[in-house]
Each structure stands twice: as structure tokens, then as C-alpha cells.
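First subunit A sits with subunit B, and in the next complex the same chain sits with subunit C.
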Partner chain A sequence: MNPTVARLTVRGLLGRRRGILLLVVPAVLLVISLLARGSGQDKHDLAASILGQLSLGTLVPILGLVVGTGVIATEIDDGSIVYLLSKPLPRWQIITTKLAVAIATTWAFAALPTLLAGLIVYGPGDGLAVGYAVGALVSGAVYSALFLLLGVATRHAVVAGLAYALVWESLVGNYVDGARTLSVQQWGLSVARSVASDGMINSDVALGTAVPLLIGVAVAATVAASVKLAGLTLVSEE
Partner chain B sequence: MAVITIDKVSRWFGNVVAVNDISMRIGPGVTGLLGPNGAGKSTLIHMMSGFLGPSAGEVTLDGAPIWRNQQVYRQIGLVPERESMYDYLTGWEFVLANAELHGLTDPGAAARRALALVEMEYAQDRKAGTYSKGMKQRVKMASALVHDPDVLLLDEPFNGMDPRQRLQLMELLRRFGADGRTVLFSSHILEEVEQLARHIEVVVAGRHAASGDFRKIRRLMTDRPHRYLVRSSDDRKLAAALIADGSTAGIELDGQEKALRIQAVNFQGFTTLLPKVAQQAGIRLYTVSPADESLESVFSYLVST
Partner chain C sequence: MSLPPEPRTAPDSGVIHNIGYRGYQGPRLGRSYATRSLFVQSLRGAYGLGRSGKSKVLPMLILGGLGAIALMIVTATLIAKQQKLLMDYTAFLSTFGLLITIFLAAQAPVLMSRDLRHNTVPLYFSRPITRGDYVRAKFAAMTAAMLILMVTPLLVLYIGAVLGKLPFGTNTEHFLYALVAAVLYAVLFAAIALLIAAATPRRGFGVAAIMGVLVVSNILATIAFGINGGFEGRDSANWVALLSPQMLVESVVNRTFGLGGDGAVIHAPSTFAAVVFGVEIVTIAVLCYVSLLRRYRKI
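Right after this comes the complex of A and B.
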């Protein structure tokens, strides 16, 4: 962790219009939860669709995308990353610091609202709200690492990330069973299931598969991003 | 003593060769890297500052490779061409952050010293986003100088500066050079380089065209054959009178343009000769225009010799 890199990253991430954009995600979730609570439908079904599908399935990946790419892709795009890179700082330190900022932001703007939404829709019982929140914590962290790597590796990070989040996680995951094993959302749900009471949350992936995959992907993405940053080529303007 | 050595370096992007087998040695003092736009200056500076790996050859600082070696930044200060910095920071915050990133023991003092050096204290509490181009350039300078580097690399530092700021920056760079630091700046403007650097390296179309003392290269540039397009009241008579003189190498009567195409041997001689000859022969000159005075043609002449 480098405090200066962290400070610059936080200010860049939250200081501009993106800060307001980030607030939209939890706001949407909480408003929908409040509306749903008044609808009188089955609490458990509501929790599964709002927390499982909307939050873990869509809002967490989108927030992870905005934050994960936002902590570095913007700087690479406008060239200001030069000021971080022209220093005798180990590249992995820059990456892990930015990752820590991304994860903390994802937690604050996605995992915490998921917990609140769970309490609103279902109440504190059966470990359901906490379960989904923990699921959002772990999947949010992995999304941050993945999208941070995308931000370093490609100039089209947001498009590539959206393609992954929407096409793979939402579409393919819904129709092709095998694809769910390779879905961050399902890994998150698997962890959520283990936290909540039995039978409260469904997931297609066993915990013994999900945890190594979560850790493996996060670590691999972080290492890859560090290596990639060390060899970052700035395109000359000529 | 910090020396950057570029040893048989080439860099290509796909099929395009941006830098073609260049070797040069940049030592203490101010060196100008001169060349037309697109010649490969930025590519070279990017390689010297560790943001681009050479496709072939090696770029080193005092023997240590620069590419993928973060330790060189203890010695290198970099002023990039792109304007973008952290616009949401004030000048002070920006320079201070740079000092902290260098791991200096007293970043505050270093930042104060650097901002004083570029005379930007008066605006240090304003957000960088509100700065003019020249002010940004100076704050970028301060961020590059904050760790007191031996080497200073500047990519087109005078772009967008007004004449006063230009003079100020030149004075600053001259001082650094005199201190024994290695200062390299790129420019596509001959006059800028002439004012600041005694030693120059000329790059044209990715190749190393010339290297050495500025005055020698300048002479090469002015002693080349010059071409002029001349229209007068009697082209044929003027041509006859001119060809007799040694400073004219060839004359062509261009029937289509209704003009003379004259190749002069030396610049000084011809420009004094032409009006004299015309006057003596009672010929009026309508047009006298140099046909190849663009910088590119000056450069390409250098390459072909």
C-alpha cells in the first residue's frame, strides 16, 4: 500500500462526476427494495430476485466495472499515469494499492447497500441479508481485480467488461449450465449460501469449488495487472 | 555524470519503422533533439524515459537498462508532452504527491524548492485544471525536478508557451546544463534549438541525420543548394546574366509557370547577387520565392548528404 497512490486514486475516483454515478447503484437498489417490501409478495422470492439477480447479478458487476477500470484506465487513457510510473515504485505496489481502493469502494457502494436491501426486504432472519452481503463482498472484490486487469490490459476496458458482465454472466450463465461454474456471480452466491441458513440461497457451484476459484482469479488478475503495468507502453502522439 | 547511451536502437510498430538503427550518446549539458514532426523524436524520448521498449538495440543510463527498470527514475526527471495531469489537484498538491512518490525524506521542502525554481508559488494553490498551458508546463517541470535528478528529459517543452515563458524555461534549462546535469529536449523548431543547445542530434524519418555542434550543422543547412522561383520582366535575359556568376549552379526556364527555376550554390551569395544583376540589366523582379525552405526539405537534405 502506498498512501500517496491511494490518496490520488480516491480523489480521482470519487472527486469527479463518477462519484455521483457511483451513488446511483445503491440508490436504485434501496428504492427497489422499499417498493418491493410494500408489494406484499413472498419475501423469500423477492430476496432471491432483488439480492441474487439484481444486486449480485447486475449491480455488483457493473459497479465493479466502473470502479475497477476507474481506478486506473482513466489515468492510462489521459496519460497522467506517467507521473505514477516515472517513480521508483514497484509496479505491484501501485496495482495492489489501486485494487484496495477499488475493493473498498465496491464494498461501500455495493456490498453495504446489499445488506441494507436485504434487511429491508427480508429482515435480519435466517442469515439471508448477511449471506447476500457476504456474497457481494467476495464477488465485488474479484470483479474489482478482474476489471482492474482489464483497465491495464486494454484500451477498451469498459466495453470488454460490459461484454463479460452482461453477455457471459447474465446471458450465457442463464442458458448454459456449465458456464455457471465459471461465473463470479455463482461463486459469490455459493459463499452466500454457506453463510445463510440451509435452503435460503441457491447456487450451482459448490463452496469447495467457488472459494479456490475466487482466490485464484483475484490473485492471478492482480499478478497479471502488475506485470502488464511494468511493461506499459505509452503510445507516442506522432 | 549521467550519460544516456542509445546503442543501435530500432523501434517498429507493426510495419512502420519509427526509429531506425540509431546510436547516440547524451551527456551532461543541454542537448537538443531536432527533427520534423513524425521523425521519431517522441519515440526516442519514450524509450529514454522507459515507457517504450526498443525493438532492437539497447537504451541505457550509465550502463543500466532503462526499459523495465524503475530504479532509473531516481536519476531521471521527465516532462511529458501530453498536458494531462491530475487536474483536480492544486499545483502544490501535485508537486508534493510527486515528491512523496519518490520517497523523499522531506517531501514538503522538496516541493517548495521545486515550485520556487519554476516560479510558480504564486499559483500553487489553484487547481491544475485552471492553469494556462505555460503554467502547466512549469508545474510539470517542478514535478520532474522535485527529486533533484541528474537527467532531465523534455518532450517538446516549448509547445504552446508564450515568448516570455519560453525565455524563462530556456534560462532554467541553460542553468541546469551549466550545473552539469544531462538535459535533453526535443523540438521541431530550428530557432528554439539554436537558442538553447550547443549540441544537437537531428532525427529525420526515423534515422539519425546529424550529430554534433550546432553551428557546424547550421552551416551544413545553409550551405546546401537553394532553389528559387523567380519571375521578372525578362526571364531569359535575367537567366543569361545570372548564369555567368559562380553562385548559380543551374537555371531552368519554366514555360508553364512562366518563371525561372534557379538553383543557387550558396545562400548568402545568391541573395545579394540577384537584385544587383537585375538592376544592372534593367530587369524588374516580380517574384522571388525560395522553393524549398520548409524545415522538412532542410532535414532531408541533411539526410542525403
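Right after this comes the complex of A and C.
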């Protein structure tokens, strides 16, 4: 952790009007859960569609994508990363600092609202709200690490990330069961299932598989991003 | 034009001849030609033509992927000896809407954001084209790119169906329905995406924002559909299509052409609703276009 890098990253990520734009994500989640609360439908189904499908399935990946690539890809894109790289600072420290900022932002803008939305829709019972919130915490952190790596590795980080988050996890995952084993969303759901009471949350991946995969992917992505940044070549836009 | 007088030259030493400044006297191609060129360039740019190999990957992959899926549907239909395509033309567009949205999200910033980022927009305006021409050319290019993307697989389906001796009349009719849907999708989506792209000079941010708006609105509408009992067959739940651009087009088309009235497919619940949805499509498209013009008023 380097406080100066962290401060600059936060300013780059949330400065100007960008922080307000990111606020759209929690706002959408809270508004829809308030509306759903008044609808009188089955609370458990509502929680599954709002918390599982909307929050964990869509908002957390998109936010992780914006934040994970936003902390570093924008700087690489406009070339201002060289001023940071030329400082006597280990490259891996730049990565870990930026990752910490990304994870904290994802938690504040996605996991916390998920908890609130869960409390609004379902109430504190059965550990459902907490379960989904913990799921959002772990998957948000892994998404941040993964998309940070993408941001360092390719100039088309956002498109590649979207392809993974939407095409692989939603489209392919709906038809091919095996694809679900390799999905951050399912790993998060698996952790959520173990936190909540029995039978409240469904997941296709066992906890024993999910936890090592979560940790492994996060660590591997961070290491790979550090290595990649250590030998970064700046290329101009095509 | 009067040339400046020929300067006196020394007879026997090396000289520089001043022939004066000569302006271009030939024909000029004018504003419409420039606008047309910008349109062609942007359309080619949307598919990565004339750009590096890397930028061709995504658009070509999606175009090829959609074509391949259409081919598979036709083949499967013919092998199974069905009298009807396994997936109708309009259903094809809505089922694979995600791929179309990804193409849109990835390529709209290519058209708009790069010019803003690198401050090349003022250079365009130093040519005869006006701000309106610029917006018109970009809008037309994005719409055309989307149309090419959607019509190509539809053509594959249609040609396959006709060659496979499926009923000609029904297929032509449904193909035309899908063409109408494709035009609506193209215009509405292009308007929304270009506005967002023009508001975000950073390419990555623009991609995520377009994707966010289109996908999240779709999921919100689906959830609202469920909350209002749409899955239990309550017809009024179809009003949630107001929330999502994709569902708007889908439900108007389904209602107007009497497709998928069995409740499983989203459709406008009444003629009045269809009119409301239609008005909303036009309003969104026009509002986005006007905002786009306003965005470029001060560059």
C-alpha cells in the first residue's frame, strides 16, 4: 500500500462527476427493492431475482468491470501511467494499492447496497441478506482483481471483460452446466449459500471448490498483473 | 488570378524561382461529398475496415457468429424436415439481442469517442461540413452498421428457408416483419449508444455505460415483469416494456404483426399500448438525436 498512489487512484476513479455516475448502481438496486417490497409477491423469489440475478449477476460484474479497469486502464490509455512507473516504487506495490482501492470501491458501491436491498426485500431473517452481501463481497473482490489484470493486459479490457461477464456467465452458463463451474458469479453464490440458512440460496458449485478457486484466481490475477506491469510496453491507439 | 511579377533573375548563377502562391482552382466536391465520405469512413470503421487487424476481431466475430448461428438453425430445420423455421426471424433478433448489444457498445465509442479524445472534431469542422452534417453522418453510419449486422443473418435464414422449399409466402412475410424490427432496433439503439458515447471521451467508460444502460434496463424490466405477475400470464404486466428499449421494439413488433400472442412472449397488451410504445420509441430516438446535436454545438 502506498498512500499517495491510493489517493491519486481514488481521485481518478471518483473525482469530478464520475463518483456520482457510479452511484447509479446502488440507487437502481435500492429503488427496485423498495418497489418490490410493496408488490406483495413471494419474498424469497423476489430476493432471488433482485439480489441473485440483478445484483450478483449483473451489477457487481459491471461495477467490478468499470472500477477494475478504471483504476489502471484509463491511465495506461492516456499514457499518464509513465509518470507513476518512473517513480522508485516497486511495480507490484502499484498493483496492490490500485487493487485495494478497486476492491474498497466495489464493496462500498455494490456489496453494501446488496445488504441494504436484502434487508429491504427480505428482512434480516434466515441470513439471506447477509449471505448475498458476503457473496457480493467475495465476487466483487475477485472481479476487481480479474478486470485489473485485463486492464493491464489488453487495450480492449472493457470489451473482453463484458464478453466474459455477460456472454460466458449468462449466455453460455445458461445452456452449458460445465461453464458454471468456471464462473465467479457461481463461486460467490456458493459462499453466499454457506452463510445463509439451508435451502435459501442455490448454487451449482460446492464450497470446497469455490473457495480455493476464488482465492487462486484473485492471487493469480494480481501476480500476473504485477508481472505484466513490470514489463509494460506502451502502444499507441490503433 | 494575377500572378506576381516574375522577379529578375541573374543570368549566370543558381537562382530560386519565385512562382508565387497559387491557390487551388479546380472543382470542389462540396459539403454533401464530405458528409458522404465521413459516413463511408465511419461505417467502415465500425467493422474495423481500414484499421488494424486487432480492431477487426470483435465486429467480424459477432457478424460471423450471428451468421453461423442462422446457418445452423436453417440446417437443423431442414434436417428435421420441419415446415417452419425452428426460430422465427423476429425471435432470432430478440434472442441474440445480447450479441447485437455488445457490437453496439463496442463500436459506438469507436465512432464518437476517439474523435473527441484526440481533439480531431475541430478539424472536421474546419472543412465545409457543419455540426449537423457530422452528427447525421455518424448516426447514419451506426444505424447502417447495425442494419448490416442484423440483416445478414436474417438473409441467411430467409435464403435457406426458400432454398429448402419452406412455404414461400409465410417466410417472406415474417422476413419483412423482422426487417421492420431490425430498422427499429437499429435507429433506437444507435441513437442511445451514440449519445452515451459522445458524452464519454474515454472509450472504456463508454462501452461499459452503453452496456450498463441497455442490459440493466432489460433486467429491471424482466424483474418488474415478474413482480407484476407476468409469468403467471397477467397481460397488463407487459406494460413494463416501457422500461427497456429492447422490449419496446419487441413488444410493438409482436403486437403489430400478431406474433407470439400466447402470453409467453412479451407483446403490447392493447392497440393503445402499442401506440404508446411506438411514440416512446420515436421520442427516445428524437430526444437522443437532438441531445447529440446539442452536444456538438460547442466543441
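Assume the second predicted complex is superposed on the first by the 233 of 238 C-alpha atoms of A that agree within 3 Å, B and C clash if a C-alpha of one lies under 4 Å from a C-alpha of the other, contacts with A are read in each partner's own complex, and residues count from 1 in each chain.
In this text, contacts are C-beta pairs under 8 Å (C-beta built on N, C-alpha and C of every residue); 3 or more make two chains touch, one makes a residue touch a chain.
All figures in this text were calculated on a predicted structure; none of them were measured in a lab.
Novice: Of the two partner chains, subunit B (first) and subunit C (second), which one does A:Leu59 touch, if any: first, second, both, or neither?
Specialist: Only subunit C is touched by A:Leu59; subunit B is not.
Novice: Just to be sure I read the superposition right, which of the two partners does A:Ile32 touch: subunit B = first, subunit C = second, or both, or neither?
Specialist: Touch partner of A:Ile32: subunit C, not subunit B.
Novice: So, A:Gly15: does it touch subunit B (first), subunit C (second), both, or neither?
Specialist: first
Novice: Thinking of the overlay built on chain A, is A:Arg7 touched by subunit B (first), by subunit C (second), by both, or by neither?
Specialist: Touch partner of A:Arg7: subunit B, not subunit C.
Novice: Which partner does A:Leu84 contact after superposing on A: first (subunit B), second (subunit C), both, neither?
Specialist: Once the two structures are laid over each other on A, A:Leu84 reaches subunit B alone.
Novice: Touching A:Leu162, do we find subunit B (first), subunit C (second), both, or neither?
Specialist: Second partner only, subunit C.
Novice: Counting contacts the way the document defines them, which residues of subunit A are shared by the two interfaces, the one with subunit B and the one with subunit C?
Specialist: 237-238
Novice: Within their complex, state which residues of subunit A touch subunit B.
Specialist: So the residues of subunit A touching subunit B come out as 2-5, 7-8, 11-12, 15-16, 78-80, 82-91, 230-234, 236-238.
Novice: In the complex formed with subunit A, which residues of subunit C make contact?
Specialist: Going through subunit C, the ones touching subunit A are 51-52, 54-55, 58, 98-99, 102, 105-106, 114, 202-205, 207-209, 211-212, 215-216, 219-220, 222-224, 226-229.
Novice: Which residues, counting only subunit B, touch subunit A once they are in their complex?
Specialist: Touching subunit A: residues 18, 37-43, 46, 49-53, 68, 70-71, 73-74, 76, 78, 80-82, 84-86, 88-89, 94, 97-98, 100-103, 143 of subunit B.
Novice: Please output the residues of subunit A touching subunit C within their complex, sorted ascending.
Specialist: Touching subunit C: residues 21, 24, 28, 32, 35-36, 39, 41, 45-46, 49-50, 53-54, 57-59, 62, 65-66, 69-70, 73-74, 77, 156-159, 162-163, 166-167, 170-171, 237-238 of subunit A.
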